[in-house]
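Here come two complexes built around chain A, the first alongside chain B, the second alongside chain C.
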Partner chain A sequence: MTSENYQAQLAENVPQTDLPWLADMRQGAADRFASTGLPDRKVEAWRYTNLKPIRAHLFDLSLGQSVNPPPALLADSLRLVFADGQLVSCPDNLPAGVRLDGMARTLAEDPGVLNGHLHGIQAIRDLPLPALNNALSRDGYVLILEPGVKVAEPIEILFLSATGATYPRNLILAGAGAQASIVEHYLGTDDCDGDYLVNSVTEVYAATGARLKRYKIQQDNPATSHIATLAGQLAADAVLENFDLNLGAKLARSEIHMALQGKGADVSLSGVYLLRDKQHCDNAILMDHVVGGTNSHQDYRGILDDKAHGVFQGKITVQPDAQGIEGHQLNRTLLLSDRAEMDSKPELEIRADDVKCSHGATIGELDETGLFYLRTRGIPEAEARQLLMTAFIVETLGHIDDDAIRGVMDALVSDWMAA
Partner chain B sequence: MSYTTETADQVSSIAGEKYKYGFVTDIEMDLAPMGLNEDIVRFISAKKDEPEWLLQWRLRAYERWLTMEEPKWAKVQYPEIDFQDAYYYAAPKSKEDGPKSLDEVDPELLRTYEKLGIPLLEQQMLAGVAVDAVFDSVSVATTFRKELAKVGVIFCPISEAVKDYPELVQKYLGSVVPYSDNFYATLNSAVFTDGSFCYIPKGVRCPMELSTYFRINQANSGQFERTLIIADEGSYVSYLEGCTAPQRDENQLHAAVVELILLDDAEIKYSTVQNWYPGDADGKGGIYNFVTKRAACRGRNSKVSWTQVETGSAVTWKYPSCILQGDNSVGEFYSVAITNNLQQADTGTKMIHIGENTSSTIIAKGISAGRSQSTYRGLVRMQPGAKGARNYTQCDSLLIGDKCGAHTVPYIENRNRTAQIEHEATTAKISEDQLFYCRQRGLTDEEALSMIVNGFCKQVLQELPMEFAVEAQKLVGISLEGSVG
Partner chain C sequence: MTNMLEIKDLHAEVGGTEILKGLNLTIGEGEVHAIMGPNGAGKSTLSYVLSGRDGYEVTSGSISYRGQDLFELAIEERAAAGIFLGFQYPVELPGVSSTTFLKTALNAILRQRGEDELDAMQFMKRLRTHTKALNISDDMLRRGVNVGFSGGEKKRNEILQMALLEPSFAVLDETDSGLDIDALKVVAEGVNALRAPDRSILVITHYQRLLDYIVPDFVHVLANGKIARSGGKELALELEENGYGEYASGTSGIEAA
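What follows is the complex of A and B.
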């Protein structure tokens, strides 16, 4: 598709608004996307992922379908449900100091709280897919925590999709010392084997001392494309733990940009990708240590079967004069099939000297001697393989310290193994 | 620790930012006109009295080069190179028939080698090393040829090999690095002037270490070496390459190509110590070193080992690679890259596993000091047929000073279930505790640094042949001069 074609499609589909700043922002994003179009594999960040499958769906914007959402994953959660990108249900009784609402409604009722934050993270502003999201997004969730607010209940956001292209736009603003756990659940409807596209963006601003835990479960339908961008800015002593469980979609890309901007900021990113058939999953991470005295950890593990293709691109950047940094990164992958492929690119870019940075990557098959041992103990092969696979990813799952959420993840993982 | 004292001596002897080998030899040069066009390619080919097929090959390369763009992906920055502002052919003038023995070689040239520490006569007698010394572009002296010939080893300038062994050259030249490979290799294919050719016949273990000294002399003359080494079935050769260059203010381009071919059960050990002029403390001058080195392990059970100590050049762009095609073939890459002041190095390796049970080891140590930038960039790829293949990679970076950078960019691609890849990398600064301990034992800052860095690199340095290991240890100290205290 040419730039003019994009211009025409965008002009038709960018939502109208009375807010000048929002109109400018959307138009700016539309222009940026039109000027670049979708990145191809010559772009280093997309070296291993071909975006051709999503091209035809980009402007296939659909209206929310009426669907019956499945029961919540977590008991007593504060739950928002989106169907094909539009808010369909929202909790009534929110704790004091918490705003949890749809993006569209917030823009209509109280847009001032979003101005300056929405699409405000520089690192992703010029990237084609977040720009396209910014231009076309109609809804998403907004979570604003007043300083010092600690939300006891987990916050659960369900994005249920059946058709078309959706562009969820999410924003988390955590005031100083605020705490919350958020589960973002992307799910395809049962009765649909359609080919849809999700291109979501979540921006996170963590003020001084805020502590956030975010869990993303990606269970989109097997024929679909799921593109997600998470961008975070952390002030001093802010802590963010993020966990990505990738199970669904045919083409999945999870891109994370973290900027550690205050001393004492700490980011831990972990993830598990379990792929089979012709699934493709690309985890791309940019960890930017902007100032000294910040720490980061990455731990991604995956199991690939059939013709699955896994990609991990993790980069730690230490800016000049950002002294006193610890940054670690680990990526391990098991290949179960002769046709599976894993590409890993763990990268370090260090421009200060008082640092301890490391990365490790391994790719290999199930340990044959381990398998043999278990079988000599009378464990059937299938079960033994499952045990070894579980053991392989259990350390990464161990980063989840919330029992209820861990229980949900464990169940999903064992369902995958049993399938 | 005798070498540390020696290092200290070396350091004080080169104080004042003087590059030890920074002198210019005044010899009449036979120059092609400045610039690059089809006529220059024809001129070079005619000067070398080359057969038609080689001229056509060069011209195809030149045609291709015109359509190519300079690669920009490396983490190096340098001013745009004007490829028209250089001489592509510069040969020292010699007598009509060329020198028959060392006595006939221009004494000025021989004195240059002496200053460089390559006394040919002495080396013949003492070191037992055959030297194919390349002065600018034409090989002017080759020694020990007779003794090598006794066992059937061919070791000669590639320009001679083209005449004397055309069938070998035509068969293998460009078979590992095709003329269309990359911008610099393609340029090299069009305008290469000379280099070394080596053929080790079946079952022969080369009786001595082969070495060649490269040297850039004529101002503004890019140097384009072409090295081709063929190890036939069951043969073994150890090849040493060392480089120095005179001090010049204008940047000089060096775009060499090295091709290694290994047949069944063959082994090549290729060692490099590179200490070309790195530019002064303000980044003025220095060599641009854009090299393509690649080994093809075509035979079963073949083994290639690249060992490199890179301390020189203003900009280095170099990825000695192994194509592990034969079953059970082995590739090794041991590298130390030291950058100081404003030097930039983007170096690493590629291990392409094609055959079954192929294995590779990568040990890369990068040391950055001053305001330099050092990047490890590597690729490990397991092709679908690489059953049971193994790779182990370790790349460590050491930072000295808070203004330098160390980067690691590994690409790891596995398309075979039974292939195993392990990769680890660390980046850290030189430990204050270690420095303190050494100083407390009476070592100066420089001595302490040299010792710690040598320890950090030991895993690689010990892979070098003895003569080189000694030189390399000294180089480590010299290269880091002025980076502490």
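What follows is the complex of A and C.
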């Protein structure tokens, strides 16, 4: 598609607004996307992932379907449900100091709280897919925590999709010392084997001492494309733990940009990807240690069967004079089939001298000797394989310290293995 | 009475090389047999053929276990039928906790035998009856299977599995290797506690030392893929004195795995 074609499609589909700042922002994003189009594989960040399958769906903006959402994953959660990108249900009673609502409604009722934050993170502003999201997004969730607010209940956001292209746009603003756990669950409807596209963006601003835990579960339908960008800015002593469970979609890309901007900021990114058939999953991470005295950890592990293709690109950047840094990165993949493929590209870019950074990547097969040992103890082969697969990712799952959420993840993982 | 095990004219290859070359062996119920022999004689090959490991190809001969054709059974079915292999080098399984492993194994065997599985409490109770005698700590049970275990701990862990799974026929492959005398005594006591009229044990060893503590009813010398000689427990002492020199001729010189 040419730039002119994109211009025409965008002009037709960018939502109208009376807010000048919002109109400017959307138009700016639309122009940026039109000028570049989708990145191709000549762009280093997209070297292993071909976006061709999503091109035909970019402007297939359908309205929300009436669907019956499945039961919540977690008991007593504060739950929002989106169907094909539009908010369909929202909790009535919220704890004091918590704003949890749809993006569209917040823009309509109280847009001032978003100005300056929405699409505010520099690292992703010029990237084509977040720009396209910014131009076309209709809805998403907004979570604003007043300073010092600690939300006891988990916050659960369901994005249920059946058709079309959706552009969820999410924003988390955590005031100083605020705490919350958020589960973003992307799910395809049962009866749909069709092709849809999700291109979501979640921006996170963690003020001094805020502590956030975010869990993303990607269970989109097998024929679909799921593109997700997470961008975070952390002030001093802010802590973010993010866990990414990737199970669904045919083409999945999870891109994460983290900027550790205050001393004592700490980011832990972990994830598990379980792929079979011809699934493709690309985890791309940019960890930017802007100032000294900041820590980061990355631990991604996956299991690939059949002709699945996994990608891990993780980069740790330490800016000049950002001393006293710890940055660690680990990627391990188990291949169950000769035809599965993993590309793992760890990168360090260090421009300071007092740093402790490490990275490691392994790609291996299931331990046949271990399998034999288990079977000599009476454990049937399928169960023995499952034990070894679970053992391979159990440390990564161990980063989840919430028992209820861990239970949900364990059940999803064991369903995948038993399938 | 049916014998526990009857091996007849067994030939087996590893990677195209014949290691077992017409082995015959009969083990009756409740008997303890020892197989001794030089390195490369085929001792470990025999244990792997008995357990059904891939890559150990039987080219001719038969093994009957309690009257049943052993080769018809998959690895896990042999375990469920009561065969246990104590490994020379117990395998480390990082990420699989020892407790989970033991419970999964016991319940898998009970299930295949059509018996009720144990719940967590019943299992822990049964486990405790064995761990104390074998001096196995709670810390070992929490760790990954054999991960970070000393040589002695690994072998005690093998005996713990044997005690818990209550096999009818146990093969202990070089259970003495890498053990100091104190660890050897603990392991031997564990094995001796499991001697029973309806349980047979085959001890495979290079050295006579273990047989001071696990006293066999019969001793066989395995050399060049065959039983070269059989006798009572005194044969072990004779081997200790004279070595395997007289059996070494004609060996292929290939180390069997």
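By our rule, the second predicted complex is superposed on the first by the 419 of 419 C-alpha atoms of A that agree within 3 Å, B and C clash if a C-alpha of one lies under 4 Å from a C-alpha of the other, contacts with A are read in each partner's own complex, and residues count from 1 in each chain.
Keep this in mind: contacts are C-beta pairs under 8 Å (C-beta built on N, C-alpha and C of every residue); 3 or more make two chains touch, one makes a residue touch a chain.
The structure displayed is predicted, hence computed values, not measured ones.
*Asks:* Once the two structures are overlaid on chain A, check if chain B and chain C clash or fit side by side.
*Replies:* In the arrangement built by aligning on chain A, the partners chain C and chain B fit side by side.
*Asks:* I'd like to know which partner A:Glu395 touches here: chain B for first, chain C for second, both or neither.
*Replies:* Once the two structures are laid over each other on A, A:Glu395 reaches chain C alone.
*Asks:* When both complexes are superposed, which of chain B and chain C contacts more residues belonging to chain A?
*Replies:* B
*Asks:* Is A:Phe372 in contact with chain B, with chain C, with both, or with neither (first, second, both, neither)?
*Replies:* Touch status of A:Phe372: second partner only.
*Asks:* Just chain B (first), just chain C (second), both, or neither: which does A:Thr36 touch?
*Replies:* Once the two structures are laid over each other on A, A:Thr36 reaches no partner at all.
*Asks:* First (chain B), second (chain C), both or neither: which does A:Glu381 touch?
*Replies:* second
*Asks:* If we overlay the two complexes on their shared chain A, which of chain B and chain C does A:Glu347 touch? Say first, second, both or neither.
*Replies:* After superposition on chain A, A:Glu347 lies in contact with chain B alone.
*Asks:* Once superposed, minimum distance in angstrom between C-alpha atoms of chain B and those of chain C?
*Replies:* Shortest inter-chain C-alpha distance (chain B to chain C): 16 Å.
*Asks:* In the complex formed with chain B, which residues of chain A make contact?
*Replies:* By the definition above, chain A touches chain B via 44, 320-321, 323, 333, 335-365.
*Asks:* In the complex, go through chain A and note every residue touching chain C.
*Replies:* Chain A reaches chain C through residues 367-370, 372-381, 383-384, 387-388, 390-392, 394-395.
*Asks:* Give the list of chain B residues in touch with chain A in this complex.
*Replies:* It comes out as residues 73, 382, 384, 397, 399-429.
*Asks:* Give the list of chain C residues in touch with chain A in this complex.
*Replies:* 51, 53-54, 74-76, 78-80, 84-85, 87, 90-91, 93-96, 100-101, 104-106, 108-109, 112, 144, 161, 165
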